[in-house]
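Please find the structures below.
In what follows, chain A forms one complex with chain B and a second complex with chain C.
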Partner chain A sequence: MQALYAQLLVGLINGSFYALLSLGLAVIFGMLNIINFAHGALYMMGAFCAYFLLNLTGIGYWWALIIAPVAVGIFGMILERTMLQWLAGLDHLYGLLLTFGIALIVQGVFQNYFGSSGLPYAIPDYPEIGGFRGLQGGMNLGFMFLPIYRGWVVVFSLVVCLATWFLIEKTRLGAYLRAATENPTLVRAFGINVPRMITLTYGLGVGLAALAGVLSAPINQVRPLMGADLIIVVFAVVVIGGMGSIMGSIITGFALGVIEGLTKYFYPEASNTVVFVLMVLVLLVKPTGLTGRAA
Partner chain B sequence: MSALTDDTLPVTPRAMRDEMMVFAAMAVLLGLVPLTGIYPFFVMQALCFALLACAFNLLIGYGGLLSFGHAMFLGTAGYCSAHALKVWGLSPELGILVGVAGAAALSVVTGFISIRRQGIYFSMITLALSQLLYFIYLQAPFTHGEDGIQGIPQGYLFGIFNLAKPTVLYYVVLAGFLGGFLLIYRTINSPFGEVLKSIRENEPRAISLGYKTDQYKLVAFILSGTIAGFAGSLKVFVAQNASLTDVHWTMSGEIVLMTLVGGLGTIFGPVVGAFVIIAMQQYLAGFGQWVTVIQGVIFVACVLTFRRGIIGEIAHYFRRSL
Partner chain C sequence: MKHRISALFLGIALALAAGGGAMAQDKTIKIGVLTDNSGLYSDLGGAGSTLAAQMAVEDSGLAAKGWKIDIVSADHQNKPDIGTTIARQWIDVEKVDIFMDVLNSGVALAVNNVVKEKNAVMINTGAATSDLTNAQCSPNTIHWVYDTYMLANSTGQALVKAGGDTWYFLTADYAFGHALERDTTAVVVKSGGKVIGGVKHPLNSSDFSSFLLQAQASKAKIIGMANAGGDTTNTIKQASEFGIVAGGQKLAGLLLFITDVHSLGLKVAQGLNFTETFYWDLNDGTRAFSKRFSERTKNKAMPSMVQAGVYSGLIHYFKTLEAMGGNPHDGAKVVAKMKETPTDDALFGKGTIRADGRKIHPAYLFEVKKPAESKGPWDYYKLIGTTPGDQAFRPLSESACPLVKK
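Up next is the complex of A and B:
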């Protein structure tokens, strides 16, 4: 049973990354009509950003959790201003091709300097509260041993996901955003700067990816290609969940992570492929995706 | 709905004549290659990829469907042919047949699944399906995982042509390429091709005119996948191996890049694009990962400033369809 719980936890962690990434993809797609193929590369940049902060400047994990998403978010906004904005009005496919090119460039540059092997990033050992040193170590829950960092990733991701949901569904800014998704021309007529909102939205989506990268750095090591295969799984998640609803992306992300974890326990050979197989099944039964509208 | 090609020119007898003249010139030039002393292996490889890109272009350029998983047909046909040749000891023509049949069967299944969604979702689904297949081939025993199937015997085609001789192999590959190219050309200019183009331009309208667009898209997908598989089978004889790189998503990306550089929706563009990209990889092989970066830069540059591609620009300038 210990092994089952451990795999469930791994599943929840992967699920948090799926949720954070597919959430960003959905938000970006809503505003820019672009499927951001560079999302995996930007996730990787988030992890590298944390690595650089620690090894070059000595800035630790907690600050990296804020600085890396902001820095990568700004990088994303520069990409949007200099390249993506020129694709408005063109076929959606060009956005996919352009961001694929950006992903190749970013991953290629990092591979040149860091090869393909993983760089270690330690779990933070501060602040010391009670008997715990930062997020290191673990605690015995009676039925399983919980490494604290892993529990932290799941809880923190969930909080960030829900905060994003709140921002988009419940605040005034989110209302502007949803309105601009539906009808940008009309929203502009009301005096709202839609191009700036588009840039900020891209920054937000990219920042979420970078945040996922920082969170995964101590677990998965920092590698130039860490996002390359992940993004394809996230695409499958997006196809399954549909991009119509924010909450749908979050729930689908976590649920698929858990299913993957269970598969790892019961039938490990299929753990790589289970998400794709589920995608096929969903397409056969309900082609529009679980929460999606017809597209 | 989609507007990948902004200038749609009518099919006229003059356009057909132009295209056939370019085709004849291309066939003669390629036929003369062994006399020039150019490394035949390079041209054969480029021809296989050119056919692959043409098959891909049939979907994107004439059906408006961007497949981001076309490497799965290349790899599947490669593995099937390699297995038939090496393990079963079949003759080359039967080996090719097994490979093409494998790719055709795969395209029926994947086509049925992926055409259930349009546009951007179609691309993501084909990518995910090819990744699914990649993991299956990674674990399946007959593919020999990371090692791939190596040292594949070339044998005698129809019992006469010794494929171990580079010149003979070259003309066999060239014949295969030209045959596949003509089949695609014929498809594009058939009534079926016209319906396909109308689906690309405005699918709801095609439906309202009574066309069962899903069936047309499925047939186009199967045709494209099967021809891509044929290219994969030919490549087995050239490279004498079948490996995981042929199924990986980076390969699918390269196919897209070749077609984009040459010109999406042009008849000769994918051929030019394939030669450009293969030549580039050949010359830049010493630069390691910078090749990936350069490919990315070409992607970005093409999308931002050069969407018609090489042949597309030429055709636009002369106001011809090429």
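Up next is the complex of A and C:
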């Protein structure tokens, strides 16, 4: 029973990465109608950005949490301005192919310079509060040893996810955004700069991916292919949650992390496939995804 | 008309004669480096293996003696079906004589069959499975650098002797992981230890926390990592996060490469024990080669044992062909000759090749240095034990290879 609690918690931790990444995808798809296959590569760039900040300029983890998403977000906005915007109104397939191509190029460039084994990035050891050195070490919960860093990841990503949801669903800015998706011409007639809003939204989605990258840098090796391994699972999460649904992808992200964690315990050989089995089942029963609206 | 026909016959006869003559002293060689050029093993093989092959060609001096040597390279993407497709095309169309590297046990076993069927040569320096020289041994294949039996034997025995008598396995769920777990289990049991559990994880997992928790709960003294590349580095990194080593359990890296240690950093990797058959800082010969190698790589990396094996294997292959006076393009014949000739090169020292295709040389047990002990980049290992070649590998008396006469 104790082992089960531990697996549930570990699942929740992995789920927070799925949630952050699928949230970014959902925002981009929901608002821009782009299937952003470059998401994994941008996540990887976030992690590399944290690595560069630390090793080239000495800027540590806490600042990287802010700087890396902004930097990669700006890179994303440049992509949107120079390439993606021309695909607006075309079939989804064009956006998918373009972003997939971008992902391959970005990964190829990083692999060319940094190889495939990856680079080290340590868990932050500052500030020292009480007996704790930054986020290093862990605590014994009785049923498991919880690394403090993992606990931090769950809490922090939950906060970010809910804040994003609030921004889009509950604020005036979010209302403009949603309106612009429904009918851009009309929203423009009210004097709102729709193209700029779209660019900023893409930047936000990309920034979320980069943030997930920074969060994962101390846990996983910072590797050029770290995003490629993850992105397919994240797409499955988005499909299960319902394409473009913000809350759907947050909840599905966490839930699938837990289900995957349990599979790792009961039948580890299937842990890489369980998400896709679920995806097939959901698509058979409810093709719009769990929380999706009919198109 | 009559004249024309007889001229034609004369032409054909001459062509045949010339062809036959050329075959006797054919001095062309085509080398195929089949490896992982883009995936998780590309640092320990990949472009570095192709570079090692180029260096072997240059150092052999055969070009000056009128030999024509070409190198081709391809990415098998760690997929056996892609590996065999490339292998067939290389042999049938491109006339490749010898396959080098061929890392990934799944791909290696598949390519092994093609090479045998088409009578080419494979010097495998990258794959781990000891089946290549056991049940699946072939008259066309030499297994050069290391294998699962040797790794298990050296690392497993040392750790059980040091008191690690209960084991839990984290195993990559494919041919290599299974072979490594099987061979290590045999050694652990033979040395008086016990295996109390294990879990098989899919290749290329990024999160190992679930598996590590299970290993932690097992209370085994040793957690044996029967995986490789990114899987191993992520396991080690996350194990330190979950306080596994601090809790008194010890990690055993059953297959680690210097590129893995480099990517982990000494802070995380320090104290790990594992076995390799090559390290750049072993002696003057290895240092000289590695310096030249490193200067020609993009990120100044030292050679892994897989890449060093490509160089060493080719040097022996070239020596053999030179002694034969030409390339007969007959794989089994060349390999038989290679087995007769003792090996000697700067990287692996003096050695032999056994009837089952196993290359014999010493195995070194290393410990990763503490950050304070390291003098600079790539200064990572302390040598803590050497197993002589005749004891390092599976004894022929236990072999299931049909080529071994008993």
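In this section, the second predicted complex is superposed on the first by the 285 of 295 C-alpha atoms of A that agree within 3 Å, B and C clash if a C-alpha of one lies under 4 Å from a C-alpha of the other, contacts with A are read in each partner's own complex, and residues count from 1 in each chain.
By our rule, a residue touches a chain if its C-beta (ideal position, glycine included) is under 8 Å from a C-beta of that chain, and two chains touch if they have at least 3 such contacts.
What you see is a predicted model, and the numbers here were worked out from it, not measured in a lab.
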{"item": "Overlay on chain A: chain C relative to chain B, clash or fit", "value": "clash"}
{"item": "Touching partner for A:6 - first (chain B), second (chain C), both, neither", "value": "second"}
{"item": "Which of chain B and chain C A:269 touches, first, second, both or neither", "value": "both"}
{"item": "Partner chain in contact with A:14 - chain B first, chain C second, else both or neither", "value": "second"}
{"item": "Chain B versus chain C as contact partner of A:112, first or second or both or neither", "value": "both"}
{"item": "Touched partner set for A:39, first chain B, second chain C, both or neither", "value": "neither"}
{"item": "Stretch of chain C penetrating chain B in the combined three-chain arrangement, among 41-49, 59-67, 77-85 or 185-193", "value": "77-85"}
{"item": "Those residues of chain A which chain B touches in one complex and chain C touches in the other", "value": "111-112, 229, 269, 272-273"}
{"item": "Residue ranges of chain B touching chain A (in the complex, touch as defined)", "value": "2-4, 60, 66, 68, 113-114, 116-121, 123-125, 127-129, 131-132, 135-136, 138-139, 249, 253, 256, 260, 288-293, 295-300, 302-304, 307"}
{"item": "Interface residues, chain C side, partner chain A - complex", "value": "38-44, 46, 173, 199-202, 204-207, 209-211, 213-214, 216-217, 229-230, 233-234, 237-238, 241-243, 247, 259-260, 262-265, 267-268, 298-299, 301"}
{"item": "Interface residues, chain A side, partner chain B - complex", "value": "29, 35, 83, 86-87, 90-94, 96-98, 100-109, 111-112, 229, 232-233, 235-236, 238-239, 269, 272-273, 276-277, 279-280, 283-284, 287-288, 295"}
{"item": "Residue numbers on chain A that touch chain C, as the complex places them", "value": "2-3, 6-7, 10-11, 13-14, 111-120, 122-123, 137-138, 144-145, 147, 149-150, 218-221, 223, 225-226, 229-230, 261, 264-265, 268-269, 271-273"}
